[in-house]
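Read through the structure below, which is laid out as structure tokens, and then see the notes.
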Amino acid sequence: MSSPHGPTTDEVGYSCAMQTAKISIAYDPARLAACARAIADAGRKLGAHGLTPATSSNFSMRLDQAHAAITISGRDKGTLAPDDIMVIDMDGRPVGTSARPSAETLLHTQIYARFPEANAVLHTHSRTQTVASRLFAGAGVIRLEGYELLKAIAGHTTHEAHIDVPVFPNTQNMAELVAQVDAWIDAGKPLYGYLIDGHGIYTWGRDMAETERHIEAFEFLLGCELDLRRLST
Amino acid sequence: MSSPHGPTTDEVGYSCAMQTAKISIAYDPARLAACARAIADAGRKLGAHGLTPATSSNFSMRLDQAHAAITISGRDKGTLAPDDIMVIDMDGRPVGTSARPSAETLLHTQIYARFPEANAVLHTHSRTQTVASRLFAGAGVIRLEGYELLKAIAGHTTHEAHIDVPVFPNTQNMAELVAQVDAWIDAGKPLYGYLIDGHGIYTWGRDMAETERHIEAFEFLLGCELDLRRLST
Amino acid sequence: MSSPHGPTTDEVGYSCAMQTAKISIAYDPARLAACARAIADAGRKLGAHGLTPATSSNFSMRLDQAHAAITISGRDKGTLAPDDIMVIDMDGRPVGTSARPSAETLLHTQIYARFPEANAVLHTHSRTQTVASRLFAGAGVIRLEGYELLKAIAGHTTHEAHIDVPVFPNTQNMAELVAQVDAWIDAGKPLYGYLIDGHGIYTWGRDMAETERHIEAFEFLLGCELDLRRLST
Amino acid sequence: MSSPHGPTTDEVGYSCAMQTAKISIAYDPARLAACARAIADAGRKLGAHGLTPATSSNFSMRLDQAHAAITISGRDKGTLAPDDIMVIDMDGRPVGTSARPSAETLLHTQIYARFPEANAVLHTHSRTQTVASRLFAGAGVIRLEGYELLKAIAGHTTHEAHIDVPVFPNTQNMAELVAQVDAWIDAGKPLYGYLIDGHGIYTWGRDMAETERHIEAFEFLLGCELDLRRLST
């Protein structure tokens, strides 16, 4: 997946980091341009559905083994342009730019490190996600079961299954959040997405289309859970 | 599921299966083109209203006595193009294509078999439909009565009526689902649409416009039932 | 307000009733064209906000003392074209057309008869309106008070007021509905809009802009009432 | 409130008040044009999200130390054009126009007086805002805490904070409302936005983008509070 040869031209307006020292860090600008378009398109759809209020949320795609494209901090995620997307390395450091990536960049690179098949990550921040995270923070997990739409999550072929979505405590210390996610995975528990308390959801997929399907499915299923809780009492 | 003989002409971009063997299976490509447009237009509207999350839902139209046009499995139902729609015979087998139809194809062909006046079938998957199906799965039926909008369901001319919408248990075994629907009809009970537990609704009509009206009406009436349940307790 | 001289040409595709007998019934086709545009525009907005599901709802405007323009029965109110609007006289009879007006035409002509300043009538059918009508049908009235938005209803300049919205029992007998509305007015009670049980709302105004403002305000205020009822218990 | 001297030139369609008497009151018409565009754009977005029903809401921007641009009373805030925006002085008086500013103009000029860094003010009127104001009017304040989105409010860098949003009693007497806001500020309490009972919210920011972010964040957070109240009982 590496990009051994750096770009020679950069017609689409992206920075291309060329280091003359020992290590040559480069990525394919055409791949970046395609990823930036996919990220902006996803943002437009998610923003239109109210999943990215007040410049919240962040999105990324894996460019190659060493790089990812990610949204710059503080931008309106519903109206992203190519220059709202920057390149980071897999330690979350900016590459070829002085822009500041999303504060939660390390949660994205963690997903690329732990899930080799993941090529896109979407973090959104809907009212449903925030409310569900608050209500289930005490339990630490939301169990989704009995829904046909579980089949929208990759690897599921029947509604006779369940998916546990963990709700991790919120912290501004990214290392703590990363450790919480690692602990869940290291315990051998399946993970398709997770909530952070008072915050939103993270999910991922093989490509942006699958990741968008996952976001849509989790948003839908969490909304059903809230409705059922309202109606069953 | 294979299609041994490919199309010979395809002016409108659709496959037209011509078999040289004993049985000649053919359909009118102009009718198919018109149905594909009607299906895509309906999908666009239903998708925009959130009734088709995460590539769920499936739609069909009767082409003639032996064929129907139906959405291919796994496509985004809000952005359907002509090549997202395929032809099946009335046993649910693909005709002139290697594409895979919606998993629930037999529920569509059942409707065409049991309701000769039905020429379009819409299956959607809204949050309201899913939540209502979960809440009323135990009762097995939702009775809708006292609503002026009952008049939107074909054959109803007054609000002083009721419509019973059955809620069938979900199963990935289509033959079981088909049998449940058959049992309801064979018992002589009127049927204008049905829910599947944890899933969505099926409804149909003489043409796509009437079927869209039925979907809109059921979505509205189920939403009112949930609201009244929330507010009356 | 009468239109003594009939149209000589009819470029915009409307019928013009010319009677050679004693009474000449005619209306201004330019006024009709303008009203049809205003009705279609209002329908587009109301439809986009979900207030006209499943071909429900009907809209009209006063053309002159003897005529009104009204939506033809059964059309999709969110996508009205000029030929979805017809002319009626003030007894609700079609003029110059064989089209069938909305079933509730007499509720429109009643408003023009009882409120000389009213020149537009909107009847919509939102989920909020239907649910509110069901919940308050027993009480027969919904009292709206303490809201700043009461000032959006013509004649109100402070939130320190209240508006009583009656909820009349539903019936398919229009004469009964008309009698209920007459009885309320004849009792000297103010009337700015009314609900019909299991159905929607009627409101009116000096022109279409004011009437749209009234619909928006009532929809908003009824929604607040339902939310407060949910949250206060 | 009269404007004795009209504009002499008006290239961008705005009035520019030039007084030949002792005090020269003038503002930059290019700044006004830019502000009018920003206000109209914000209104379009807020209107599309249902935050400005029935011609409610009002918006302004500071032009310079002595002037602000503000929406004219009674216009549809979702479809503002340049001539729906007028100039006022910092006492809320019209400048160079006979138009009537929003009834709550003094709440805007108060914000510019009390918060020198504020250059834009948005007052909206969503159902969520109105319902929250009614529910918390007795307490007089809504405490928002534990939300990641608190970081969207300028000056906040962690979710481990709280923001108190006061709910002031409604009155048609603007001087009373102004005095309530002054009392809160004079008591040394932080203020990022406030609700008026049965009405909407006021918030502000350094520019329109920040102010829009604040409105989005408060609308979201108030919505979460209502949902949690519904679900926690």
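All chains are identified by letter, namely A, B, C and D, in their written order; residue positions are counted from 1 within each chain.
Throughout what follows, contacts are C-beta pairs under 8 Å (C-beta built on N, C-alpha and C of every residue); 3 or more make two chains touch, one makes a residue touch a chain.
Note that this is a predicted model, so its numbers are computed, not measured.
Chemist: Taking a step as a move to a touching chain, how many steps at least join subunit A to subunit C?
Modeler: 2
Chemist: Based on mean C-alpha positions, I'd like to know which chain lies farthest from subunit A.
Modeler: Looking at centroid distances, C is the chain farthest away.
Chemist: Please work out the Cα centroid separation of subunit B and subunit C, and write it as a whole number of Å.
Modeler: Distance between chain centres, rounded to whole Å: 35 Å.
Chemist: Between subunit B and subunit D, what distance separates the C-alpha centroids? Give it in angstrom.
Modeler: 48
Chemist: Report the inter-chain centroid distance for subunit A and subunit B in whole angstrom, where each centroid is the mean of the CA atoms.
Modeler: 34
Chemist: So which stretches of subunit B touch two or more other chains?
Modeler: Expected reply: 230.
Chemist: Okay, in this complex, where on subunit B does subunit C touch?
Modeler: 146-149, 152, 157-160, 213-214, 216-217, 219-220, 223-224, 227-228, 230-232
Chemist: Which subunit B residues qualify as touching subunit A in the complex?
Modeler: On the subunit B side, the touching residues are 53-56, 125, 127, 130-131, 134-135, 170, 172, 196-200, 226, 229-230.
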